[in-house]
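Per-chain residue numbering starts at 1, and chain names A, B, C, D, E and F are given in the order in which the chains are listed.
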Amino acid sequence: MMMNKSTMTFIGCEEEFDDAKLVLFGAPFDGTTSFRPGTRFAPTVIRNESYGLETYSPYQDRDLEDSKVFDAGDLELTFGNPKRVLDTIEAFTRKIVEAKKLPVMIGGEHLLSYSPIKVLSETYEDLHIIQLDAHTDLRDDYAGEKLSHATVMKRAWEFVGDGRIYQFGIRSGLKEEFKWAETHTQLNKFTLEGLKEAVASLKGKPVYITIDLDVLDPSVFPGTGTPEPGGITFHDLQDAILMFRDLNVVGADVVELSPHYDQTGKSTAVACKTLRELMLAITK
Amino acid sequence: MMMNKSTMTFIGCEEEFDDAKLVLFGAPFDGTTSFRPGTRFAPTVIRNESYGLETYSPYQDRDLEDSKVFDAGDLELTFGNPKRVLDTIEAFTRKIVEAKKLPVMIGGEHLLSYSPIKVLSETYEDLHIIQLDAHTDLRDDYAGEKLSHATVMKRAWEFVGDGRIYQFGIRSGLKEEFKWAETHTQLNKFTLEGLKEAVASLKGKPVYITIDLDVLDPSVFPGTGTPEPGGITFHDLQDAILMFRDLNVVGADVVELSPHYDQTGKSTAVACKTLRELMLAITK
Amino acid sequence: MMMNKSTMTFIGCEEEFDDAKLVLFGAPFDGTTSFRPGTRFAPTVIRNESYGLETYSPYQDRDLEDSKVFDAGDLELTFGNPKRVLDTIEAFTRKIVEAKKLPVMIGGEHLLSYSPIKVLSETYEDLHIIQLDAHTDLRDDYAGEKLSHATVMKRAWEFVGDGRIYQFGIRSGLKEEFKWAETHTQLNKFTLEGLKEAVASLKGKPVYITIDLDVLDPSVFPGTGTPEPGGITFHDLQDAILMFRDLNVVGADVVELSPHYDQTGKSTAVACKTLRELMLAITK
Amino acid sequence: MMMNKSTMTFIGCEEEFDDAKLVLFGAPFDGTTSFRPGTRFAPTVIRNESYGLETYSPYQDRDLEDSKVFDAGDLELTFGNPKRVLDTIEAFTRKIVEAKKLPVMIGGEHLLSYSPIKVLSETYEDLHIIQLDAHTDLRDDYAGEKLSHATVMKRAWEFVGDGRIYQFGIRSGLKEEFKWAETHTQLNKFTLEGLKEAVASLKGKPVYITIDLDVLDPSVFPGTGTPEPGGITFHDLQDAILMFRDLNVVGADVVELSPHYDQTGKSTAVACKTLRELMLAITK
Amino acid sequence: MMMNKSTMTFIGCEEEFDDAKLVLFGAPFDGTTSFRPGTRFAPTVIRNESYGLETYSPYQDRDLEDSKVFDAGDLELTFGNPKRVLDTIEAFTRKIVEAKKLPVMIGGEHLLSYSPIKVLSETYEDLHIIQLDAHTDLRDDYAGEKLSHATVMKRAWEFVGDGRIYQFGIRSGLKEEFKWAETHTQLNKFTLEGLKEAVASLKGKPVYITIDLDVLDPSVFPGTGTPEPGGITFHDLQDAILMFRDLNVVGADVVELSPHYDQTGKSTAVACKTLRELMLAITK
Amino acid sequence: MMMNKSTMTFIGCEEEFDDAKLVLFGAPFDGTTSFRPGTRFAPTVIRNESYGLETYSPYQDRDLEDSKVFDAGDLELTFGNPKRVLDTIEAFTRKIVEAKKLPVMIGGEHLLSYSPIKVLSETYEDLHIIQLDAHTDLRDDYAGEKLSHATVMKRAWEFVGDGRIYQFGIRSGLKEEFKWAETHTQLNKFTLEGLKEAVASLKGKPVYITIDLDVLDPSVFPGTGTPEPGGITFHDLQDAILMFRDLNVVGADVVELSPHYDQTGKSTAVACKTLRELMLAITK
């Protein structure tokens, strides 16, 4: 007689690695979070709660099972040393990219986007980035630290250069960050206005998409470290994802769900649906 | 000297049975709920929290006390046998209908709509149904069970037949369910678009209204078993209810509040106000 | 060697009293609250959580540090005697007004607006009031008590007279209150429609602004004593505050955050941002 | 046809008034609570949750239905005027006592014990009091107020005089209160040690029992306004109640459950069981 | 290149099936729960949170990895039909027993013990049962249903007969149940007193152990459907488990954790440690 | 006119620095916490909630105001670099020690004890340590990191050497840690047994006391990162503190309260009372 161990994946992501188009993985780390921590718990909670969803999307009229996703589970990341954590993610992402598969990371905190962006900027010379976020994340350092959730897009800029980062939904930051962005990034305040044009102009180019879920209004998504009122609706985000079907997306992440501040579970439901729709959109 | 026992009713629903136009009752059962249970607690919590509301509606410029509502309290329903539960509700609804009063049920889970729809479809040959819901609820069985929250509208269809069920706000289900709906129900995806036309076409006909509160976006109504992002706003729902004043409503229910996932109490407040507005609208 | 005691202020409000334009203070009292209490905890929680905000507003392109705010901490208010509480607030507000500074109060319950309105109506003969609120608050007494959260605008009317109170977002009250308002206040139901015109007509006049945060929809702001569905969005409120820059505001308050019903912290984040934007707008 | 309105009582307390030995009533008021409010919600929550209990006590081998309890529901008490509240409770208690029935009050805050003690001290010249409590409650005034949760036993002393109040479990208060108690009350620190002797010495005398549930350790009973570590266990309390069977108890109360700080429901379960055992013990 | 899917087990339970001595499985069902549901979530939460434990027990000076446990994950159980659920568990337990391995079930509700007890009573003619529980669970039916959490030990008695069920910690039930137990089971009220003697008398006999975690006091274990004050401590339970090392245990279960009523996580921590210690004790 | 900014201190700790005997400070850092983070929030929450306590201790018959405590507020510590955090605490502690005052730190995570122990081991050649804790904290590294909550007592041992660390209440760790402790520390499993003797033997020697609050049973103290069932009671802890009055305590800390897992507030109340009693005991 034979019994197999139980596996745990995001709903509908049961492809074997070799046959997969897309590799999903969790990065449970929040060690530089300065306000409310806990995004370390997101990947596990997202997998568990994904079973409240169907695999079929009536928006895209497609089923996640057709997207051929391998769910690699979570990386083992320890606390106390962000640099080592980024190295681990970098090595893992590189394996996925070398196997010609799409990496999609579930955070964890926003700093972690550093690693897939680093790997993909080395793979694709003209990598562009679309960032949906409440915060600029453009500080040069945060209280002396170069590697921080508050500096990650500055670090990303060092990889990809001027004019390559498209920021949407931004509604918080230092005056200096907004000023700096004027000449270095494409920063769009408050809403997703301008995204349609950006998508049109990026057609064919390799694009990395980073969705900091705090871009959503806290009424929609309270379960995050730094809720910032005045954000976009779920409909706005869903519309954005449908637009991404026109892009050549080479990697993506969904970060900053902090489940212990999501007592009702609605933020987690939003994260799950965002992930389903995003994976469908970029594998169409 | 004399003292009376304390009674507990929904605010403003203190009519005696014989004088009542509308009979409100609670059905505290959630035994087939597959994800997060707890709608069994809704009727009690709704009654307690209704005292945060006024009886007067500035929307309809009417007072609930004028609607002559008898609140019958909760049915006694036991767990472990859905069929028996449905029979109990059926018998109770039949009494109300035979007394020429409007039955309004507070769920409990959506399966329970089965019973009032059964009774009313027997009473009114051309009964039509308006369903506001996030989910299709059109499976033929759910893991082998014919009586389930996920199959209830398929069962209702067996009572009323093709083209009689108007579905709005639907955003989750199996591909097969959406396909089946194309030829059997009037399914409107995502929003309430088309409701105005539906109401116009149903004028004069007997209509049953079933409001699964998860039709609302989880930002508005997180306290439910399966929160499904991308739903309608409270304003949308309120507008719909105002439209219902033009219909010949012969019964209604409001289901799927799960209070233990409503830590802030806002979902309960929404359920209470929905119930007040609905009872006012259908007794105008 | 020397160490100073730690001070606790709202973020960016570190001016000394003598140099301040605006004096912020907390009034931790909720003794007449009839439904869910707890607004007494708001001032402390607001100060603590304000550190999740930046001091810079990209909406107004100004920094709170430029508004020269002195945060006076909380008044000591005891329970069991509302009259004494109002007297304490009155005396304190009078000091601020006599020092030619703008008083801004963090509630606490809405009754507390009584005191600053009393002081300012004595200072400015033609004081006008803009009230953003879900509730009329126009009862003459509440179960026999003249001083209550449910009567405060009736009391305010006794200070300022007919046509001087502009009410917006109102969606709950007794029929009599709505009726009475027709000839005594400028009551606008449900939304902020008409605010632009009101602001235009009030230009130059001394205006007191009282923001009962329950004017917001509970999806945005569940953390309050009496959540009333059907409210305005944060964008609506933010737009209103930007309009206030055109007014001669002589005092303001932000009341009715009840933090223990704000498990996720999002209501507190909304209160903090509202306060930042309001203080920036009225000191421009 | 006929239907009766639904009544809501504590489990097993369904006697009619005229046949009752004991009258249970709720006093939902917490207007002088200085720390965490919310005991106003206790009576309703206790009734609802009592259905998690059986009516039969294996400790006393008796059934609550044999105790012949009439549950009178809650008194209507408004906020903002403690004196009026106490008058209402006094009048109601007087009716019960005049009908030769035992009054048992569910608080609400501890101040409310003032009223039944006043009535009973007028009825029974040599009334004695047993107080189980974490706090002395012996201040003469609290920030100027004579009627406060912190002064209630000082007021009770004014009714019954020196040596008549037996205090147990006391572990918090001002130095002056402990000092004053040395010559005026029988104060036992920290535990219930000495209760057995007290009960023996009180045999035959009329005794009022006031149980401030915060006498329990917060591990057992966190759901209260001022949790004070170092309290007694549930076994201790249960043993005390069994001793009360030897007394001539003429009235009692159970106060200071604050349900919104009882997220798990265990404090409410403790309050319910305490109430069941107490009512059984004093009607044996 | 090759990547394996992520597996999810209880900490230290990573043996393959063929090499295992003990098979752990989850039974996520709570369909007959009459009060607070949610034990369906226990197996997943227990696995996730077990990582807060070490695999090494300083109590038994042994490591769980030495117990050779295969964690089979959760059975797929649907709602609405308790009979079918019990059949599924029965079939699965039979496979484990036929493979000569020890079955250990994580509930779910207490009714589920029915199935392993049925299988083992067929395998071992003189099966005895040790039940740690707050409730008798000896009703013959519950509101007409024979299969219920409230009847499970009556059903078990039908399998094993008089004098074979040893009940400890019992403190709630109907008078009739306690009466019936006098001649049919070994019922010990309130505590674990008598367990030592019971264990001595059962030496060598096949024993099934069912731990309804509500035997613990709600101060220790609030996260359960029906918290019953007056229970045992964790030390008591731990001592009992150490005694079980002297028995020939042929199967066991740990039931009735309801994680959504365990906001702090302490009940889950207790369940995890109980499970670790129990598995160590019965595989020594 | 003049107004002072509001200061925020632990109750009764309002001495000026120069006159103080004891300096209390907060260290809000939890960056190496591997399970549930959030001890960063403890110092602020402890100060706010300390107002639920009295300053007078009936246990020690002394008032905290007599202990002459200066509350220095919180250190500014950033995330992402534990080494820098420890340096900041070290520098601050050194100032306190050089000013001949007693340092008492509110954590934060247990790693932070590293810094005061380092400073005091340099000041007092024969420094001894009493550690109350659920966990050994004796790993040499944790996933490669030398500075971790799980290694802190190993680091402390490097400062003070063999036989100088007295560990009590320990009930979790690796087998190797328990083994290592046999020859290097005085490890007492599960309880405080042996503390009386330890205190007697340490009379006159300089002692540092570190209280990891998870030494308490989770029934008493659930609000911590890694709740470990089977711990001591509050009475045990209180007795221990009273014993400390016989020691020459040269520094102390109270760590590992994680307020966001303390929904009821009882853990915070325990932390506050522990701190009050400890400060009284070591300044007698």
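FYI, a residue touches a chain if its C-beta (ideal position, glycine included) is under 8 Å from a C-beta of that chain, and two chains touch if they have at least 3 such contacts.
All values derive from a computational prediction rather than experimental measurement.
Visitor: What shortest step count links chain B and chain E in the network of chain contacts?
Guide: 1
Visitor: What is the minimum number of touch steps required to go from chain A to chain E?
Guide: Minimum number of steps from chain A to chain E: 1.
Visitor: With centres defined by CA atoms only, which chain is the most remote from chain C?
Guide: E
Visitor: Are the two sides of the chain B and chain C contact the same residues or different ones, given that same means over half of the numbers occur on both copies?
Guide: different
Visitor: What whole-number Å value describes the gap between the mean CA coordinates of chain D and chain E?
Guide: Spacing between the chain centres: roughly 38 Å.
Visitor: How big is the gap, in whole Å, between where the Cα atoms of chain B centre and where those of chain F centre?
Guide: One centre to the other, that is 55 Å.
Visitor: Listing for chain F: what residues touch at least two other chains?
Guide: 36, 217, 219, 261, 263-264
Visitor: In graph terms, with chains as vertices and touches as edges, which category applies: line, ring, star, complete, or other?
Guide: Contact pattern: none of line, ring, star or complete.
Visitor: Got a list of which chains touch which?
Guide: Result of the pairwise touch check is A-B, A-C, A-E, A-F, B-C, B-D, B-E, C-D, C-F, D-E, D-F, E-F.
Visitor: Taking the touch rule as given, give the residues of chain B at its contact with chain E in the complex, in rising order.
Guide: It comes out as residues 30-34, 36-38, 40, 76, 78-82, 84, 142-145, 147-148, 260-261.
Visitor: Note which residues of chain C are touching chain F in the complex, please.
Guide: Residues 1-9, 14, 16-18, 23, 44, 48, 70-74, 95, 99.
Visitor: Could you list, by residue number, the parts of chain E that touch chain F in their complex?
Guide: Per the stated touch rule, the residues are 51-54, 56, 58-59, 61, 63, 217, 219-220, 234-235, 238, 263-266, 269-270, 273.
Visitor: Across the complex, what residues on chain B touch chain A?
Guide: The touching residues are 35-36, 170-175, 178, 189-190, 217-219, 222-223, 226-230, 261-264.
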